[in-house]
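Next come the structures, one after another.
You will see two complexes here that share chain A, one where it goes with chain B and one where it goes with chain C.
The block that comes next holds the complex of A and B.
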């Protein structure tokens, strides 16, 4: 079975509970997030002859971690062969014994999932809470979400339930890595590659 | 912590797992619905069980107790008396209506608060000048002796009216904070206070309209066709998975109602829910309402039956007899037949609100024709210099359209919910002192209390104060400076040690307020002592959360109760104060005596402490405010003088008839727009052309959690500014800027974003003030109250903390 994440953009308020719950469980510092919430938005303002404003502002939140891709570019690019994909779960994992912390995976991943922990000089990232999943539970981010906007499970079942959308701005085209991700786009969603908006919270991402 | 058990686990696996993955890797479990239960070794607990060392792992329940207005469950994984990681409620099947009480990002970082290296550990006394932040460790004996003797000295010299218990909301647990008032009331009481920093204007304005402040539970939007939110930003203020944000989401998914958000900011609430965002100039919501009323009246879209049956003051027919024909009714005012002879047309409002007239017309028609329509306001619109008028005015949209007292409608007030049958707390007995001040005016009462009067300053219970405040008790609050208006002014008042002579303050950190303590005491957090909390604003599902101390007290930290018990002992009142009970004894008593009698279905105390969560559905399905009145207005009149909705309030005008209002302050008998002092039209805008509004920020609850590094990194303190305003000032996103007015200067990073109306900048409130108060006083912590005013609002004499004029420049 291959596991994947589901993200419901019509429910996500951008509250970042997923990010902080993950940081608590994994004891991460300020500078490393295994999951990030992107604020994507844009819009322009126009002043009318009456002095009043009109605008077409939009914004939405996208919560994303490692998507344990079917074509993991982190794995393909790792010079040490340290990254492998678990045959049973689909989890993409880095072997700390082999990893030299060169950061190639971090640069290669279009989702920004792997990070180099400079204290231990190893690549670190979401392991889909392997311990919890093995115990029949869901990852901590999923259990944490106040809006029940995240889910996790057999990717085939997720796709059967929620469809097969796996991309929207600011995420890359799904064809790049075949992520095990299903998305319900928010009403104002823009397509992957959109240039009408921008990530509005760059200083919150790490 | 009723059950603990040795639990075998490979120490080696445990340590290996924890290096990267925290203890979550070692001990995640489904155990622990009851008591502090041993966690199971499910998951990664593998490894050779032969090679084991005993590791005691417990899962203890508690709650996040800060004042965001929801309450959330936390499950603490405790090893060797240390919290290692924290889950939220993950029990049950999470079906909506019996859903998990999931905490938000704030609660999920509570471990970093509990274990923070900067926590206060020992009692201290001030050694420098007050406010310098210089302290010296003392013994508990010295602390208790000093508190008891100073308290007695001040009582003897100035009397109980000189004693003040500061407004504070950092600990919300029914069995904890109330002990302070219990002790004080046993000693003659204290100067009372009315109104909160949260909702003073709306709380005191709406009784003139409705006889009280009430709203439907917001889960009731499941029955709405249209939902209009004025400054309601629950998705950032009350983010939890048990409170209004979750209920809005569930309710709106069910009803499919259209949502319109009226707000200066494109908030996260607008981003996730709004079909339409109406960007409005801060402080002008009432003008928007007036113009909507104009459209509804002139196009005959109002609910005449409702207005004639349930209301007075709409038109001449229901005005007080002596005022008929004088142009004083609501219709007269709106249509231009009143004293100002100004029709409140959409064009009139457009110039004030910056909302195009066509947008206003469409909004009015949409509200009038969608049945039912739910009008809600947040507490932002009322936290202003004209907040009392704004709060009443927004409600008029519900009144004009007859949406009051029905499912899917609302009163126009801020959202409410279903509550447990009884609210419980430590019996504090009555305060023997009958004189009170508005909470926000305490700096005036310290500075020149003897000059404060009923008619000018809102003193209640006497014509004037007889004595200034000479002693302040402050338990788990940050309103001495950080959360009060005009920090630099508060600093001047408090640092004069001849004015307030003694300040005793409890906290877990050296907050900005703590720097002004004379005696500073290290508190235990609510989850480090027996704790129980009742839900607040929880839609149609009320609940309790209960827990015991998750760890033993560390360092010399003590509970409020144990400290006050020692103070009472010094005062010769220990028996009367404690009645022979410890913390758990009080918890049992208040639960059994207050909670149980009104709710036969509730668990016993022992059951409650075992099951930790008790949920109860609203018996009527949804809480609908004033439903009885709507169903039968004769049998169930409102608590207004007429028993009806008083659009024209003679009672308000009678109350303020002899008041002396400050220049620019307005109180109107009708719920209509009034300009505010330091509003956009104030001449001061020539010098400070930008309006600055605060908002409740995701990364904190007020100032609570404000020092947690991972939250600060994920939610950086930034000034929101529209690209047009930024361009005009050569400012780009990420710049450090200075925000300045005559009261102070804040240095802060700017977020240039289209998500805010031009001409307005916004700053999340509650960031920790960080300034050299003996130097330039520039606040590099980004605390908005460096810039806010301590001038109170016209009627409630409350905090106008969103009404500010500033200029912004690159630092």
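The block that comes next holds the complex of A and C.
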């Protein structure tokens, strides 16, 4: 079985409870998030000839962590072979015994998922809460979401239930790494590669 | 947001990619006279022993890169990824080059080294060097990193090594008192410099419009033209200085022997000409500078002949060429720094 995450963009309010729950469980430092919520927005206001203002503005939030990709670019480029994809769960995991902290995984990932922890000088990343999943529970980010905007499970079941959309701005095209991610896009979603908007909260991302 | 902090975090890799490829190319150039059988005897011994110069430069780069690692004690796993991970392949090639070169250097102290073995080893080292430089050039070629996977990026690194390598080799040849053609080596460096400059101009145009959801290249490298101009200034100065070093030494030598600087005979010889220039001992080029200058005529107009004070080679020439090489390496360092500043993936990686 290959596990994956589901993100419902029509429910997410950008509260970042998922981010904090993850930081709390994994005891992450201030500078490291395994999950980030990107606020993506753009558009303009235009004053018409009749003096009325119209707008095409948009804004929505996207919660994203490691997507435990089928073609993990972090794993492909790791010089140590320290990143492996679990055959039973599909989890992409970093082996601290092999990792040398070179940062190649962090440099290559288009989701910014792996980080180099400067205290232990090793790569660290979301492991989809392997301990909880082994105990039959769901990852802590999913359990913590107050809007139930996140779900987790067999990726085939998630796709059967929610569809197979796996990309929207500001995420990269799914063809880059084949993420195990399913998205219900928000109403104002822009396609991957969109240039009309921007990440509005870059200082919150780490 | 600029790429300065990212590049500064990777400063040891900037140093590595500046020094190691140029050192490797310098080694290759310095190995040619022995490998091709042009240098034998004492000349070959000096050349062999002085290959430690480019070797040390390359090793300083490699050691610098190792300090970038958080846990180098785990680094032996790197060999499991050769052929799969570009970075592993790079390290594998580096180790092959350094191990072979180290063995060769130690063997150069043997009382009666076997020439065939030495030449075979040098051929193997030179193959490893070519593989190493190409591997370094492609080590960062990751498809998701849109700024590093451009086709001219590997070309720029190879050209870097062809700018710095010949200038380092000129220092080594001067120290070894080997009559190398400055025209050939400075010409190679100059040609690579011109090509490298063109590559950087085109690369700058390619990079400028690139962006992901978090940054644009314009934000990451706010003064690309200034960086490129610094490279041009430093590298051109380095090449010119290396060229002038030969001229100056040549001039002093010509003056000391009562010959005009502008005499055609003052033109330095190509490596291939060296044996012919010393017919008494066709393959012992080291004998040439040791012989009386007035008897050697054109053959000794190298500017690399031992100075009257007995210093190894022409010390002035060595110093000036060293400064020239350092200037060129400084120029390369600037653009390697810029390379790391441009790190940008598709999507969300900066």
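What we mean here is this: the second predicted complex is superposed on the first by the 198 of 206 C-alpha atoms of A that agree within 3 Å, B and C clash if a C-alpha of one lies under 4 Å from a C-alpha of the other, contacts with A are read in each partner's own complex, and residues count from 1 in each chain.
FYI, a contact is a pair of C-beta atoms (placed from the backbone, for glycine too) under 8 Å apart; a residue touches a chain by one contact, two chains touch by 3 or more.
Note that the structure is predicted; figures quoted are calculated from it, not measured.
Chemist: Assess the superposed three-chain arrangement around chain A: do chain B and chain C clash, or do they fit?
Modeler: After superposition on chain A, chain B vs chain C: fit, no clash.
Chemist: Applying the document's definition of touch, where does A:94 land relative to chain B and chain C: first, second, both, or neither?
Modeler: The answer is neither, since A:94 touches no partner chain.
Chemist: Name the chain, either chain B or chain C, that contacts more residues of chain A.
Modeler: B
Chemist: Please compute the chain B to chain A to chain C angle from C-alpha centroids in the superposed arrangement, rounded to the nearest 10 degrees.
Modeler: One gets 130 degrees for this angle.
Chemist: Which partner does A:38 contact after superposing on A: first (chain B), second (chain C), both, neither?
Modeler: A:38 contacts chain C only, not chain B.
Chemist: I'd like to know which partner A:63 touches here: chain B for first, chain C for second, both or neither.
Modeler: In the superposition, A:63 touches no partner, neither chain B nor chain C.
Chemist: Go through the superposed model and pick first if A:12 touches only chain B, second if only chain C, both, or neither.
Modeler: Only chain B is touched by A:12; chain C is not.
Chemist: Does chain B (first) or chain C (second) touch A:107, or do both, or does neither?
Modeler: second
Chemist: With the two structures laid over each other on chain A, which partner does A:180 touch: chain B (first), chain C (second), both, or neither?
Modeler: neither
Chemist: For the overlay built on chain A, what is the smallest gap between any CA atom of chain B and any CA atom of chain C, in Å?
Modeler: Once the two complexes are overlaid, chain B and chain C approach no closer than 9 Å between C-alpha atoms.
Chemist: Which chain A residues lie in the overlap of the chain B contact set and the chain C contact set?
Modeler: The overlap between the chain B and chain C interfaces on chain A comprises residues 202.
Chemist: List the residues on chain A that touch chain C in their complex, please.
Modeler: It comes out as residues 38, 40, 64, 73, 76-82, 97-102, 104, 106-112, 116, 120-122, 169-173, 176-177, 192, 195, 198-199, 202, 205.
Chemist: Per the contact definition, I'd like the list of chain A residues that touch chain B in the complex.
Modeler: My answer: residues 10-17, 19-21, 23-31, 33, 41-45, 47-48, 50-55, 57-61, 96, 124, 127, 129-132, 134-137, 140, 143-148, 186-188, 200-204, 206.
Chemist: So in the complex, which bits of chain B are touching chain A?
Modeler: 17-18, 20-22, 24-26, 28-30, 42-44, 85-88, 90, 94, 102-106, 108-109, 111-112, 235-236, 239-242, 245-246, 249, 266, 268-269, 271-272, 275, 277, 279, 347, 350-351, 353-357, 698, 709-716, 718, 722-724, 734, 749, 751, 753-755, 757-758
Chemist: For chain C, which residues count as touching chain A in their complex?
Modeler: Residues 1, 68-72, 74-75, 77-78, 80-81, 84-88, 91, 142-145, 211-214, 343, 345-350.
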